[in-house]
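Have a look at the structure below, then the notes.
Chain naming follows the written order as A, B, C and D, and within any one chain the residues start at number 1.
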Amino acid sequence: MSDQFEPRLIGFLCRWCSYNGADLAGTSRMKYPPNLVPIKTNCSGRVDPTHIFKAFAEGADGVLIAGCHPGDCHYINGNYRTAGRFPLMKKMLEQLGLEPGRIRLEWVSAAEGDKFARVVTEFTEEVRALGPLGWNTRTPEEQADAGQASSDRVEEAVPA
Amino acid sequence: MPAGEKIKICQQCGTCTGSCPTSSMMDYGPREVIAAFRAGMIDKVVKSNTIWLCTSCYSCTVRCPAGIKITDLMYELKRLGIKYDLLPKDTRNPAMTRYFIDNVLKYGRNHEVGLMARFMLAKDWSMPFNFAGLGIKLFTSGRLPLLPKQIRGKEEIAKMTAYLDAQEAKLQ
Amino acid sequence: MRYLYYPGCSAESTGMAYDISTRALMEKLGVELVELDDWNCCGATSYFSVRELDSFAIAARNLAIAQQQGDEDLCVICNACYTTLAKTNRYMADSPHVREQVQGALKAVGRRYDGTKPVRHIMDVLVNDVGLEAISEKVARRLTGIKVAPYYGCQYSRPIGSFDDTEDPQTMDRFFEALGADVLTDFPAKLKCCGGMMMLTNATGAVRLCHEILKSAEDLGADVIVAACPLCEMNLEGYQPNVNKAYGTHFHIPVMYFTQLAGLALGIDPKQLAIDKQVVSCAPVLAAIPA
Amino acid sequence: MAQEKIGVYVCHCGTNIAGKVDVEEVTRWAAEQPNVAVARNYKYMCSDPGQDLIKQDIKEHGITRAVVAACSPTMHEPTFRKAAADGGLNPYLLQMANIREHCSWVTVDGEAATAKAKRILGAQIHRLPLNEPLDPIEVPVNPNVMVVGGGIAGIEAALKLAQAGKKVYLVERDPSIGGHMAMFDKTFPTLDCAACILTPKMSAAGKEPHIEMLAYSEVTEVEGYVGNFKVKVRKKARYVDIDTCTGCGLCTEACVVRKVPNEFDRGLSKRAAAYIPFPQAVPLRATIDPTRCLTLTGKKCKQPCLTACGPGAIDFDQKDEEIEVEVGAIIVATGFELWDPTPEKRYSYGKLDNVLSSLEFERISNASGPTGGHILCKNGEPPKAVAILHCVGSRDENYQEFCSRVCCMYSLKFAHLIKEHLPECEVYECYIDMRTYGKGYEEFYKRLMNEDVHFIRGRAAEVTDVGLSPTEEGRLVVKVEDTLLGITRRLPVDMVILSSGLAPRSDAKETAQTFGFGCSANGFYLERHPKLEPVSTVTDGIFIAGCCQYPKDIPDTVAQAGAAAAGALALVDNPTVNVEPTISYIDPEKCSGCHICVGLCPHAAIQYNEEKGVAEVITAACKGCGVCVAACASGVPQQRGYLDEQIFAEIEGALAV
């Protein structure tokens, strides 16, 4: 491996769709970068903002939340809660001086091993491009700049 | 060639050849061209008349169940043929292509009379007689102007081509 | 309604009647066509044979001019020009490599193209922008009883199929129905290849293909074949004697640009539509149109 | 927190893990982690000796927590939790670290995989001290079963369950059960008559006292959980009293609306507005089509059906009725749709006469079909030549990318039937690959070769009626490349049969959502595991069978129906079932009674206690999604097994390396 920056990513995967999608990527021997460590929750709706803050505070450079597609939620509508909450979480992180590109929401079904692999690959590269988070090493001004500068270009990536 | 890797998933079903309006005149149908391509025997098909009989009707491309852009593949093979001078002896099409391009380089537009005249004179003396009837009619109705139109920015064409030549050289 | 207009090289020679009748028809319909400034050959199919990127770059020069010249869509009459220009847009969008190289080539001659100029076939403009109802209202001489064989040609909807079906296009059928014609809607050769450029390089083959189309039209009792492409029009019309010689047939079927026949329906003078430039006499069609 | 002793077990899984991850290094590293008392690795942890390692360490080393770094917990978590329980440890004190599916199989570089395995394992090591012993929640099981879909799969499953003495609700959308199989003429490769083998089963299902048939009905809503489902079923109005109707058919004869396309004959024949779909229908009862009946569409009618009906069964005032049924398990067997060849315009389906879909040909060759079993063209003449085109809409990126498995065989069956009816008729099979994988199938293919069927290896390019020679004039012409000859052929024929693939039902997605499972990329229902749990879904207690899962032939469908019935029986034959204890709870001391969670709970499992002024979780209704936990501003609701501090610990562990 080269000495390029290896981002550390946490992925919250819902147990019914995305965790199984990640399993399918494995069963199908798809290859993707090793940067993301999955954490299983029953539903993406279980992921609350403190989990994400915690991840960043512990040194994560990016956080992925993956759940069932809209309409497919094992718990009827838990993923709608996630979708509703996500823009707010993103906004909050932005205010804290975090590039919005460091947090991502994706719908990955149990049948979409290829999508899971693709999402992790893309996300790894995107966060790699952003560089280390350095939450504790930046000055408040630098943090504000980071949030500001990147908010324009990543806005369109918010899932509808 | 964009999406060129699709030929790997050709299942040799023959939809392309069956759909091709000119396959019956070809030495190899499009399906066989893909088979040859995959078998590393491209020279065989490049030298054949096949690719020069493709009329770019795109029937094969829109029907291919594997999503192979077969018409684009034919262009690719024409390019190889011209580049490595692997041209079938009895095909007139490569010459036609050459004249067409000279035309565009020179004037910026295609001058049909010039194209036909040069083509016929160089390649097939008998053709003006075969087509004499039509030619006269076209002339008398004013449909064949003798002088080519030129565009102001004609040198841009050559410059763009030169730029792409340089890019290609850089890549290799 | 206003469009940038790309006539294409044939409009200056064999296909000049297409250009003339298009301008007359659009004027009658109140559509303004602004000719693209200093346009060049689209590259047609031949250019793809040299280097794919050359062909895209040459086509893109026109699109760059269009982008600079105005916000209007670019209206194209020739099927081959239409497909070449639209395909350039498509490939620039799909392939970052193509986009980069083409934009580089344009930059080398001081031009810029973002890849977003809509390229529209004239039939697309007529059916979807002008609208069949509006056209129908302007009809002066309905084409009642005229059996029209709509010949679309290959590159009308293939390979892109953005405004009509790739296997069974309908726009021209609907267009002539709106003009009151007796459209041969099931004209099975509507998409068959006429041989294209092959007419000059492999006449036997091309004549065979034309025979299939002409026979199909005659079997259905077509009074006229209408075409939307200069090369198709010329092959179908100009080589009828060759077909007759090769197959022992007696075809003498008028072939017109669809804009010519439509112009007649809207009451435009035949001279303004360059109908006298057709090789096979269109007199029977002119005579058959009810006054 | 008392000092916990954690046992770590790293599985090699043969070379599946050890081939990429340095298991020795991971073990060495794990041994150094806080609280870890024992760290081992073993070739196959799931084997008995592997499981025994855990049990032994509980006894001998007194470990109080365990983590197995191996495959996905969906594979073996139950195995290892059971081993822990057998060894005397609460099963919820064991966690799995998925270092196979999420690590060794997906990572290119060995060193990177080893590092990732440590992070995955570290997360679990960190969380374990915070795990609490939990007890599974035991819930009662309703012994009844619902089967949705009355095709051969649903009928077979319902009969098996009824034989075991279980009450079965058999729900069918159409007026009669029977499904697609009832439309077929013969079945490959044995050429059994479809009706001869299906109708006894249909009639048995109709007579079976344990089966409550809900024909002409649809499931609208499913609630509850394993062992305890509440299903709402809409019984559509037949406008005929099903108990009084004798199925005599007099109303059908009397009905004045006679030109309704008959669905059962794929529109090739007409039926009346009052109709019985086919003679062997079960239940053999009339139905009045509300979209065509004059009375029901508000037009004038003398209502001759009322006069004709002796028992007076017709009731124009009947309304749709919604009922609720409680069952312990559900089998979904909703079948397939034939892929509609219309979009494949080059084959001129729907445009040229005598271009038929495969189901249309099934009806034409069927003795009870529109031609009385005579193979005839539209003009009433028998065809002199027939072309059968394989892979219509199949194996095609433009339509369905998959192979439908049955089309090659049914195409061969068609060829045989044509040869049998019309020995002089030329039959062409245009195929890409001939797939005859089943028992007796290859033999059938050989038999057809002997019957002088012309096999042309090539996918048909187009079907046209433009003849170029006298033998083609007035006929259909199939253009196809014979790829073995390298020649494009024009086949003049009188009939073309399009062997379409099987497609997921157009409402498969919505149906899957109703029952709470997903669909595969190709649109068919997603099974829990493609090999080992082909009839289970992610929702416990809900099973799938037949072509709704993937195209399959009748033998496979029947086998799967049996498997689904066995799965359901294994569940409902027990008085109780254990459900996961990972549900939410609310500490009444901390709850401020703000109501936020009450409205958010998708299962209405939180109610507001007016008296105490706090929210309360209804244990039996909570399914453990954790939405309430994430929503509460003060973090009062917590989810067992997914406590905030447990998740925090996992995050810490994952990022500590």
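Here is the rule we go by: contacts are C-beta pairs under 8 Å (C-beta built on N, C-alpha and C of every residue); 3 or more make two chains touch, one makes a residue touch a chain.
Because the structure is a prediction, the values reported are computed rather than measured.
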By label order, what chains touch chain B and chain D together?
C
The chain pair with the larger count of contacting C-beta pairs, comparing C-D against A-D, is A-D
So what's the Cα centroid distance for chain A and chain C, whole Å?
50
Whole-Å distance, chain A centre to chain B centre, using C-alpha means?
49
Please tell me the distance, in whole Å, between the geometric centres of chain A and chain D computed from their C-alpha atoms.
31
Specify, in ascending order, the residues of chain A that touch 2 or more different other chains.
none
Residues in chain B with touches to at least two other chains are numbered none
Where chain C touches two or more other chains at once, the residues are 167
Would you mind giving me the full set of chain pairs in touch?
A-D, B-C, B-D, C-D
The answer for chain C against chain D in the complex is residues 165, 167-168, 186, 188-189, 212, 215-216, 219
For a test of understanding, state which residues of chain D touch chain B in their complex under the given definition.
346, 391, 395-398, 432-433, 457-462, 479-483, 486, 488
Please name which positions on chain C make contact with chain B in the complex.
9-10, 12-14, 16-17, 38-41, 43-54, 57-58, 61, 80, 83, 91, 94-95, 97-98, 101, 104-106, 108-109, 111, 154-155, 158-159, 161, 166-167, 191-193, 195-198, 200-203, 205, 209, 238-239, 241-242, 276-279
In their complex, what parts of chain A are in touch with chain D?
1, 8, 10, 16-17, 19-20, 22-23, 25-27, 29-32, 34, 37-43, 45-48, 50-51, 54-55, 58-60, 68, 71-78, 81, 85, 109-112, 117
Show me the residue ranges of chain D that touch chain C in the complex, using the header's touch definition.
345-346, 351, 464-466, 468
